[in-house]
Each structure stands twice: as structure tokens, then as C-alpha cells.
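You will see two complexes here that share subunit A, one where it goes with subunit B and one where it goes with subunit C.
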Partner chain A sequence: MKFTKPILTTMALGLSATTSLADGHMASDMTLVSWGGAYQSSQINAYADPYVAMNPGVTITWDESSAEAVAKLRAMNEAGSITWDVVDVVAADALRLCDEGLAMEIDPDEILAPAPDGTSASDDFGDLLVGDCFIPQIVYSTTFGYRTDMVPAGVEAPNDICDVFDLETYPGMRALEQRPINNVEWALLCDGVAKEDVYDVLATEEGQEQALAKLDTIRDSVIWWSAGADTPQLLADGEVFMGSTYNGRLFAAIEEQGQPIGMMWDAQVFDLDGWIIPEGLSDERLARALDFIYFATDTQRLADQAKYISYGPARLSSAPLVGQHATLGIEMAQHMPTDPANAANTFLYNYEFWADYRDDIDAKFQAWLAQ
Partner chain B sequence: MAKKMLIAEKRPDLLRFTMPLTALLAAMFGFVGGNMAAQPMLGALIGALVGCAIAFVAETNLMRRTQVRWGVIAVLAIAGLVFGNVGTAVSGAIIGAVLSWTAYWLATGAYGMTVPIYYTPAQTLWHNTFKFICGLIFFFLVAPLIPVMWLSFNAEDFFTFTPEMLNFQAEGYSLKHYRDFLGTDEWMVPLKNSLIIAPIATIISVTLGTLAAIGLSQSHVPGRQAIMAILISPMIVPLIISATGMFFFYAPLGNWLEATLGLSQSFVGFVKVILAHAVLGIPFVIITVTATLVGFDRSLTRAAASMGANPVTTFFQVQMPLILPGVISGGLFAFITSFDEVVVVLFVGSAQQQTLPWQMFTGLREQISPTILAAATILVIVSIMLLTTVELLRRRSERLRGLSPA
Partner chain C sequence: MSDTTGSGPMLAADGRPLKESLGRALRRQKLRALALIAPLLFFVLLTFVIPIVSMLIRSVDNKIVENTLPGTVPALAAWDSTTQDLPSEDVYQNMFFDLFNASEARRHTRLGSRLNYETTGLASLFRTSGRNMDSIGEVFQDAIEDVDPRFEEGAFWFEMMNGAGGDAMLEMRRARWENLTEQDMSADIGFMPSQAIIEILPTTAAAYTDWAIWTVIDEEEVVSEEDPWEAVYAALAIDLRNPATGPALAAYKGPGAEALQTLAAADLPDLTFAQAFLDLDEDWADKEVWETIVVYSPNYTAGYFLNAVDAQLTPEGVSMRPDNQQLYIQLFIRTLQMSLIITGSCILLGYPIAWLLANLPVRTANVLMILVLLPFWTSLLVRTSAWKVLLQQQGVINEILVWLGFVDDANRLILMNNSTGTIIAMTHILLPFMILPLYSVMKTIPPSYLRAAKSLGATNWTAFWRVYFPQSVPGIGAGSILVFILAIGYYITPEIVGGTDGVFISNRIAYHISSSLNWGLAAALGTILLVLVMALYWCYDRIVGIDNVKLGG
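Let's look at the complex of A and B:
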């Protein structure tokens, strides 16, 4: 009996030594930053829970601060205390953070898993790897939903982007985002500008005037939204007839909440969302962040996420693996913005254009709103 | 019986007083109701006619007050049911109760019986208008809470009064948002964090605030007013400014605690938030304790000293029991300040210190879920209980100091 205790202690020490070796000195706490809501739940279900199951002892804390990630990372950097380990941001914010040196530059082939068939990560993600810091997760789109029960009798349901501007056939309020991006493109498209010319026209003073003039025609019927949750709420209330928002929000309102809402995919605008790793993490925390990213962005994990939310996985190799919704059991492929039937007419958010013109057009748009 | 006797000797004229005023109130209700059918003017007209009818019935049946009032309530409720649903029927009944009460109040001249007999008509008018304005203020303070509480029992995931809810059907209501609140880590972890941060911050605020108030109430302290102003400043400086300052002040402090003392990031985060909240709570404690000290008889401390008690004993045995109500109400304000605070914690805290208001703030921005309403309802009830405690303590203090006969 005398010897049992030391032996147990030695065994325990040995065990803890092996676990810490296997972890390669990684931090055991990790703070992930995301958007909250259904999107964050899909990340918890597809990435975080399986990761914690594989690595017991790791605690993940979620911070729903992606909306102000740029400002907060700047402040943290200035104060010299980075409390975030992996941050979910839209591609445009990732580019800004990368330019400012707040996000870590990455080599996709080195830190990301190759596809199951051996294709390198950089080929698997392809064009979606914008900038030097961005690790894409999903393709989402900003598109329109409309109240099916408010479509006027004897009229076809709206299926063309210009129906948004057609107050005679489709009277009622619209919800549009309170910023120029997407709205000015749609306005020009419906004012006779060809799709390939939209950004050339927008680059000119007259083009911007033209877009605002087109928006002026429906201005009295617009409620301006600023958070992704606004439009589903306005549609559920019947406050608006149609409104733009992220397609996953509309999916949740239609399929999960059973609201009488229809999708109008015409001229949907694709955008990307993904991870960045903040610059300035300690070695242990960086090791943990990289380990998580490697796991969370592999082909299977990205396909799994599509079981919980209707956003398209960013890897080519994930697309064939997209199956049914985890609880509703409906096929998810047809609800993806990238599905061929939905993507008949699409726009890809033009990062270069908006990086150059955003401040200028933003100012004009806000001045126009205030008139 | 007593109510039926409440008829003034000099009753006002029906056509020149009772009828127009009742009709005016009824027209307002009609305007609001008509708005729902996009016919506000028609609604106001119908309302005015209904008001005239009620005033006439009241005038001609002065002694049958109870029967007439129930009759009006029933007629308007049935009208609501015919033109709408159960919800409009309930509104109709409430409007009927208000209108019939007003009609009798005017017709019997009861409005003039609560004022002194020598009041001129203008003074009587002002007296009643004043009471009406007070009622409106109360209404605008409390009314926004009612839909919040009502919607928290919504069966849907939107801030929407569904037709089932308005019809008072059971399937329109559910406790699922309360289950979400009480059953998920998403809400329980922030609640736990709030319950760690708020009490500790309160204890620190109360200790420091009480000591400061006692010190500042001594007449010999130099620069009393300046010190007081500095201590009160967290209440006056815009919170966003204090928060930014605190963020940059506490960040290096936190780094030092982590690097030099080897404390965990989460622990240091709690220390930072608790200290920041304690600073915000101190002004409330100082103000309430200073107010209590005004009524404190200083000869008691001299009496204690003359009997050989040292200042510490005097404080705990003599002064503290008498100013305790002020200390406790200051503590409650400090607690509520920390418990409701969102700006400072968003800056100073990190995700491990997510408090309840933080979770509500992000939840409201990213997903408009009625779980927030359930949380709000629970918080309102907790706040009401806390304020009731304060009020009871205040009364006890008044009794002890002999300010009110009880």
C-alpha cells in the first residue's frame, strides 16, 4: 500500500506529459469571434464541437463581435493586448486588416489541409483566396425575399431585380441596406446599364448621380436596414413587401420559422466570409489557432457547415458532399446561392472597385439619404 | 351605495360641457382605431358619435351608474368582436370602461369635488389637466414595457404580435424563450458572469463610497467640493469616454498582471471589469450616503467618544446602524449600475467576461430573438423587487428618525 501513491503520481505525471507533448505546447483557451445567430451556431456545430470532442481540455469562448472586428482589433493592437485568437470577418474587412498589418499573412498550402484527392489548398479554394491573410469559409449572397401573401392578385411573383423598382406592379414597402454597396449596382442594372458596364459607369460622377436618381424613384417606399436580422423581422411583421438581406437569414425565416416568404435570386451579389488570425499572438496561442484552422477549413468540415445554414462552402471539393439539413432533412443543395438554378444571374462583390470608391460613394449616398 | 350619492349640487350642462368633452375623448380613441383600418377620420367621427351617445345615456341615467357602465362595456366589446377578433373585443371593453367612467365623472360633476370649494372654474380645469398630464407621464414611462413582456411569451422567433396572440389563443403563446434563456449556456454563462461581477463591484463601491462620504461630510476636510466633484465625475462624463479611457488604462495593467504575476487571462479580465464597474458605482453610494448623513446627529459620535469608544467602534456601533438604509440603497444603485452596464464591459472585458447586457446587446443587433425579451422581463422583475426593497428601507429609515408618524 505504501508504494501505491508514488506509483499513481508517476503515472499521472507521465500521462500529463504525453498529452502536453501531443498538443505541442498549445494554449488550452481559445476565443473565436463570429457573427452570432444561425451562422455562429452552424460554426459551433460543424467546427467547434467536433474540435473540442477531439481535443478535450480545450475551452472555446465565442465573442459575437465580427461586426466591429476592425475597430476592436485596432484598439487591441494599440493597447497591446490581443484577446482574440481566430476572427471571422467578411473578405473586405480581411483586406483592410491585412493592409494595416493587424491580420497575419498566411501561406494557404502550408497551413490549410489539401483536398481529399490531393489537390492543394490554393487550388481548392481558387479565386476565393483574396488578399494575403484571408482564409475563406463560405460564399453567401445578398438577395431579396418577398411576402408571398402580399403579391398583388393576378400578378406574377417578383423574379427580376427590376421588380424592386417597379412600384406600379408591386406596390408596398421595400427594405434596403443603409449603405450604397449593392443598392447602386442594382439601381444601374435597372436603369438600362449592361451588367459588364456597371462598375465603369459607377466610377464616373454622372454614373453615381444616375444610380442615386434611380433609387430616388422608390425612396419614399424604402425602410433602410443596418443589421442582417432587420429584414427577416420586417418581412415577418408584414412591414415590407420585399427586402434585401443575406440568403441564410431568409432560409432560416422560410424553412425554420415557416414564414410566408419567397426567394428572389435574380442579380444576387456574392460575397465571402472567412477567418483571419490576428497579428501578435503568443506562440502557444498561435499554435492552437493554426491547429483549429487546419481542422475547421478541411473539405468535410466546410461541407458539414452547409447542413446547418444555406451558405455555399468555399472549397470546390466540399460541394459534392453537401447533404441534407441536420434537423429539417431537406436537401440543402437547392438552397445554396451557388446552385445553378439560383445563380442564373449573379454579381460578385467587386473588392477592388469598392476599396477605391467606397469612401466617396458612401459620403454621397449618406448625403442623399439625409436630403 | 356611496358612489351613487356622489352627485354635485351644481351639475354642468350636457350639451355645452359633458357631451363635447366625452365626444372629444371618444374621437381620439376612434382616430387610433380607425388608423388600423387606414380610415382615421371616419374612425374619429364614429368615435365622436359614440361619445355623444354615452354622454347622453349617462346624463339621463345618473342613478343607474353601475348598470349603464357595464352596458357600455358590453356593447363596445361586442362591437369589437363583430368587427375584429378577441383582441379588439378586449380593447373595446377597456375603451368602454374609460369612456363611461369619464362620462359619469363629467356628468355628475365629480371632477369638481376633489378641489377646494373656493376654486374658480379655471383653477379646477388646471387641477384636472395637471392630473391628466401626470397620468400621461406615468403611461409613457410604463407602456413601452407592456409589449416587451407580452411578446416574450411569443410562440414565434420574431418580435411580432401574431394573429393567434391577438386572439388570445393558447397556441400563439409559449414559454420557449424562457426555456432558451434558462436552459442554454449562451444565456446562463453571461448571467453567471453578471452575478459574479455585480456583487463584487458593489461591495467595493459600497466600502469605498461610504468611507468617502463620511470623510467628505467632516467640515475640516480641505478641498471637499473639489474631491466630491472628482469622485462624482464617472456619473457625469459620457460613459463612452470613460470606457475608452478605462480600456487604455486597464490594458497595460492587465498585461502586467498576466506577465509578471502569471495570472490567467480570464481572471485578469474579471479583475479589470470589476474594478471598472466599482468606479462607476462609487458616485451613487457617495450621493445616497451623504444624503443620509445630513440627518445624522453628530452629537451621538461625541457622546460615544466621551464614553471612551474609539472612532472605529463608534462607526460600527453608532453611526453605521443609523446610516445603513442609505448605504444599502447606494449599494443597490451600484449593483444595478454594474448589472445593467454594457458600454464599459464591451471595452474593458473580453468574451470570457460576457455579461447579460452584453449578450442582450449583441443578440439584439445580430439576431432579433424574443429570448432577449424573456431576459428583459426577468430583469424588470428583479429590478422592481430591488427598488421595492429600497423603498421599504427608506420608509424604515424615516420611521427610525421619526420623520413620519407610523
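Let's look at the complex of A and C:
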């Protein structure tokens, strides 16, 4: 009984979108929201340009507002006018939007293409389908990069997450994100907590204090960043020895700008980025959005995106299709966070945990920072 | 006495009394003046007054709890949270129907996020429980349909429930849906609860009406053609548990009477709703969950304001938050302190420049003026980023100091990502707001005064301090107000160069607006900031006197 109606309508629209492609039912303008920069370019190259080539007459407008998407969508919803059609957000924000009733619930098998071998979309995406509204696109990771020329003589380059907390062997500044997520997990991991217990410990008052106490040991050597571009810049300027950021940013600094930076994949935290469709679109706009989503998340398109940026495609079936970088000509597979050599020790962002504990731990984290 | 000549009131040229004529002319003038400022008034109202009022309302608004849990909130009023007992079965039953409806309308998660600001864990509790409400209903649905398969049919239900006299119930349930969804639910639904059924099976009638309204208005179906949702069966089971229902049903002769009588005689599952909730999640047996709902059930709450001053609402009253969560008072104090320091350094740096501007020959002064205005015209972000390049440890300033030998290479100065960085960058950015009013006031001080003072024997310093400075004070006042009020609400510069101990309260407001979505708390913080600024302005007026402030002339 529950949710039958939304699913039935999406099914009907999904079918009309994929089978008939009758433009009569679809809006010809579409506003896509993304992050700007190299990531948005990769989407334009891999999804939007081919889509417009297939559907001349469709105009796509980009809005670089993903960082404030949750707040803006809420404001649009309150004002009663949704101007966005498809929005690129990280999975945690998608969960939030879904909770707030601002994103449309989806049935992956109804609106997404199956894999070329016929595997259903829900199997192809697997566990990455977080929540009821999220359509995954890429897997990225938050991991550490370090200045190769600042490694002290006679010492091995840092290759363990706990090297971040080892100021004696690796003196120098660190760059960490100015929020508890990831930092407290790493802190606990390096304070003797087993990986499988991290969230159980973190759910307790003592565990939270333990994590902050561990962070306290390096506190004077930390520069806290808030934008993904900060760490690569700090590394390039030699302001920090090591710092956490998104793996694609480090890839760009190393391979495209040739900076003396090394990757430390240990204990990288996987996170997901993908699409949501805002709740409350008109039928024509929804039809267009679904048509675009169906195309942009198929196996080939996701693999294509990896030509432009070093983020792993969210579909299992896309992995074998990942080729060379479009301009640099290097094999991309080994730069993917999901590559077996890089993924020896990984975390997956615990969405449920952080949805619950984010406000609480963040309050404590900010109070700790302000002390 | 129509013809007034000598003793009557004076008349204007058109024969009306002069007083009236004058009043009319004045009124017309006032109206014209009002019409002239109308666009501005309208603009200010639209862009300033309305947003501020809506912010004030948002900082205390808490209707979401009662709108989402309209049955549970009154039922919980009877619960005494000081005892060890959990709420009664009645509360759990109401929570079932409230959550069932809310999850159909996808509002349960929104309430979960709201309550999660107060008690950690409620977001996922509401999310997962809301999703599972239909599984509780299914227990009863299966049992009832096993007893009599006619209960599987929508038409059978419709015949039984539809009738006349249930207007009050229909309107009440409609109002609840409207509160929940914030949408218009007034369309005709082609169903009217039967008064006879309402009297015998009140819970069932309410649940069926809820379903009927939703089915017609949201799902655009016809009531008689659809099978009711699980909550209706659960409601019927609840009604049949009532010992008074059996005898009442025996006397009932309306449609479905015989089926209902059979059902009343049959064995239905004796699952309590308290147990059903516990089976879903053991947190439903946690008193704290219910206490949070009770504390935050009023339509208006002081909770956000208390949070904004590091306090919290508990069932026992207001208390301070634990030390490790106190943040905002410290941030308010820091914001005020740093704004004062920035204002002070702007006065120190701006005064000599304004003096030069006012006293140099026009050509040199113009060049200097351009130097002041050029950064003023440059984008704020560009200037802040430039400071980043200058201030960082491998940056220009440190490099020069190390090269000159003032600073050891290993101990470079930490000039940013702390309060020093914020003060330096913001002083530079706000300096023109100090210089310009100072300059315009100094320009009006005749140079002859200084010359006169000196010719009367004053030293340079006395002439300046006793004659020139007092006349420039209004400029300092104007500049200080401008700089201080701008500084107190600054956001982007502290964010970029402030690190952790150089950020302002506005950075937390931004965080709550865009990341945590706790708009109520953001509104409360904003309101406090507004009140602080107004209070300081009032103090300033009392001490310095706002008449002594001049922006020029």
C-alpha cells in the first residue's frame, strides 16, 4: 500500500521516458546543479554533451550550487517554486534531503538502466544505493596526501593513517577538515580501537572524548580546512606536510600540476556523490529529468566520466570499461580509490550513524576547537 | 446661520472655511510625500522588515511537533515523566496512527531531524520506525481478513463506513492533514463518516476518514474502489478491544453489522502497541525519547534561544549544557571583542590617513584617495585571498622577515588561521569605512583654527589635541559605528583566514543555515546578534550621543 503511487507514476514516466523519447511530453529546458570546477566539467563531457547531441533542442543550464543544495532546496520548497531539475549532492546530503521530504523517492530498477549483461540496476549499484532518494554516480574518497620532499631523511614515507598522529617521526603541519566526520574515526583507529568497533565506541560519550583527546595530541600542528581546494593548495605552498582531502583533488595536484605530493591511501574513507530529483517537479520536467538520469547513469556514461576525473564509477559493470585519461593519456584504473592496490584498508562513510550523531558530535567538536 | 460673514470663520477664496481648506492642503501634501516614499517604504518592508519578522518567528516556532503528532501530544499530557513508568498504551496507539499518517505524507523524518537537534538518535528512530508502521498494521489486517474475507474489499468497507452525520469528524481529520502537509485538503472526497459507526467504532472511523482523505486528495483515487490501509485494521482491532464495543455492536443494525459482530466474537491478536514499538526499536522504551517529545510539544519554544546561549530545556526546567558542549556565549564574546579590536585598529590606522587626505594639496590628496578607494572597489574575496598569500608561513611576509634575519626559519610567525589573521585582514578590509567619514568631517574643519591656536601660543600637540581633535570626534563616531557593525556580522573573511580561534558567531549561523539545517537555532543566534547590536547602539547613543555622529558636512 505504502508508496505505491509514487512508484507507479515514476514507473509510468520512466517507461515513457525510455521507450518513446517523445519530446512532446518533456520539458526542453533543464537546470542541473553541480559543484563547478573539474568535477562539473567531467559531467559535462561525459553526460551532458552526449545527451544534448542525442536530443537537440534540449538546453541544459548549470548551477554551481551543490555545496548549498540542501539549504537552497529547502528555501525553494518553502517558497513553493522549485527551479532545479536534477541536483548533484553527496550521499549524506541526499539522505538529509530525503528525510526532509525535499527529494523524490526512487525505485532504481524502474528508473535506471540495467547493466549491459542484464543485471538489474539495484544489483549493479549494490550497497551504494544509500537511502530512498539517492542515485549514485561516483565513489570518491577522503584520504591523505603528503609532501614527498618534506619526509625526514632516513624515514620511510608515511603509509599508515597513524603516521598523521605521529609528530615525532613526521614533524610538520597537518591539514584536517574542520568537522568531526572522518577525523574522529581516524583518531579512534589510531588510539587502539579496532576498525569494526569504531562506531560503537563513537556512539558513547567516553568514545567521543577519547577521539577528541587523541586529536588533542596534534591539535597545535593542525590547519583546519573547509573547502576541498584548501589542502592541495596548502600542500603546494609547503604550508603543511600532510593533509586530508578528496582523492580527485590530489590526483589533479600530482598528475596535472606535477606537485611533489604522494598519496597515502591507508584508511581512506569512501563516500558517494550522485543525483537526486527534487520533489514537486511538474510532469514534463520530471519526465525530462528521468530521461536524463536514465542516460547519465548507464554503465558506459559512468565509465566515461572516469576519463576526466579520478573518481570511481558507482556501477560494478562500469569498472572494466574505465580507460585512459582524456588528455593526460594515463591509465585511470590505478588512480581510482576502488583499485585493489589502493583499497587495502578502507572505510565506508557511515550514513546512518552520522545522520543521528552529526549534530551532537559536531557541537562537541566545535566546542573543543574553540577552547 | 448659513450666511456667515463678519463673525463666522474666515473663508478661503473658494468659499470654504480657511481652516478646513488649509487642513485639506496639508493632507494632500502629506499624501504626496507618502506617495513619494512609498516605493522605498514598500522595498524596506519587503526586503528588511518581513525577513526579520519571519526570522524572529522561526526562532521560537515549534509547530512541527504537534502538527506531526496531533494525537500523541495531547495523549502525552496525561503522562507524568517524573515517574519511572513509560507512557500508557494509549500514547503508543496515538503514536502509531500519527506516525503512520506522517510516513504516508513523508513528514516523519522531518520531525525526526527536528527532534534530533535535542536528543541524538531520534532521526534514525523516526526514520526506521515510520517505515515499519505498516508492518504493525499488517498483523491486525491479516487476522481480520482471516476471520472474514469481506474485510479485504474496499467496497464492503465503504458501505459500512459511509453514511451521514460525521461532518465534525471529517473536518477535524482534514484539518490534521492540512497541518501535517501544509497543503489545501478541502476538496470534496465523496465520503462522509457515518455517525452510527463513529459512536460504536470511533478509532476505526477516524483512521478510515484519514485514509479516505489521503486516498482522494493525494492519490486521486475513489474511496469506494480502494482497499483501506493497514492502520484502519489496527484501529478496528483497538475498537474491538474496548469492552463497551461488543454490546454496542449487538444493537447495531447498519451495513456490515453481521460481519462486525462475527469479528467481535473472534480472537484477534493481543499485541499491544507498546510491545509492537519495542519490537521495532528498543529506544521506544527509553524515557528520554518521550521526555524530548513532551518538552518540545508546545507550538512555541524557548529551546532555540536556550541552545543559543549554551543552555537547554529539560523536563526539570532550564539548565546549562555540559562544559564540553558550551560554545555560543564564548563565540558572542569573541565576536564583540574582536570587532572592538578591529574598530580600534581602524581608528589608529585611519586617522592619520584621513588627516593627510584632508590637509595635503588637492593633487596629492587625490592620488592618495585613489589608493584608499582602489582596494575598496576590489572584490572582498580577492582581497582576503591576497592576505592568505601574504600571511601564510611560507608567505611573502614571513619570507621577507626570514630573509632580513628578523625571524628564524624554523620559527616562522603564525599570522593566519588564528585571530591575528582575522584582525589583520578585516582591519584592512574595513579601513575605508573609517577613513571616508573621518575625511569628510576633517575636510570641514577650517585650517585657520589650528593656525589661530598656534598663534595664541599653543604647541603643536596642544593645538591638535585641544582644538582639532574634538572637532573630528563626530567622524570617529561615524566611522566606528560603521566599522563595528559591519565587523560584528562579518562572515567570509574569518572563514578564510580565521582558523579556529578567529571565527565569528556568523560562521556558526552560516553552518546552521547551510549544513545542519537547524534554521531555528540560526534564527535565534541571528536574533541575539541583532539585539546585541541594538543594545550597543543604544549605549553608544547614551554615552557619545548619536547627534555627535557626522558622515560629513
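We take it that the second predicted complex is superposed on the first by the 348 of 371 C-alpha atoms of A that agree within 3 Å, B and C clash if a C-alpha of one lies under 4 Å from a C-alpha of the other, contacts with A are read in each partner's own complex, and residues count from 1 in each chain.
Going forward, a contact is a pair of C-beta atoms (placed from the backbone, for glycine too) under 8 Å apart; a residue touches a chain by one contact, two chains touch by 3 or more.
Fair warning: this is a prediction, and the values are worked out from it, not measured in the lab.
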Which of subunit B and subunit C A:Glu255 touches, first, second, both or neither: neither
Partner chain in contact with A:Gln366 - subunit B first, subunit C second, else both or neither: second
Partner chain in contact with A:Cys98 - subunit B first, subunit C second, else both or neither: second
Partner chain(s) touched by A:Gly228 [first = subunit B, second = subunit C, both, neither]: first
Touching partner for A:Asp237 - first (subunit B), second (subunit C), both, neither: both
Partner chain(s) touched by A:Thr31 [first = subunit B, second = subunit C, both, neither]: first
Which superposed partner A:Gln178 touches (first subunit B, second subunit C, both, neither): second
Contacts of A:Arg74 with subunit B and subunit C, given as first, second, both or neither: second
First (subunit B), second (subunit C), both or neither touched by A:Thr61: first
Intersection of the subunit A residues that touch subunit B with those that touch subunit C: 67, 237
Subunit B-facing residues of subunit A, complex: 29, 31, 33, 35-38, 61-65, 67, 75-76, 78-81, 83-84, 227-230, 232-233, 236-237, 256-257, 259
Complex interface listing, subunit C residues touching subunit A: 103-104, 106-107, 109-110, 112-113, 116-117, 120-124, 127, 134, 218-219, 227, 229-230, 324-327, 330-331, 392-395, 417, 495, 499-501, 508, 513-519
Contact set on subunit A toward subunit C in their complex: 1-2, 5, 67-68, 70-71, 74, 96, 98-101, 105, 173, 178, 209, 223-224, 226, 237-239, 352, 355-360, 362-364, 366-370
Touch list for subunit B against partner subunit A, complex: 156-160, 247-248, 251-252, 254-255, 265-266, 269, 347, 350-352, 354, 362-363, 365-368
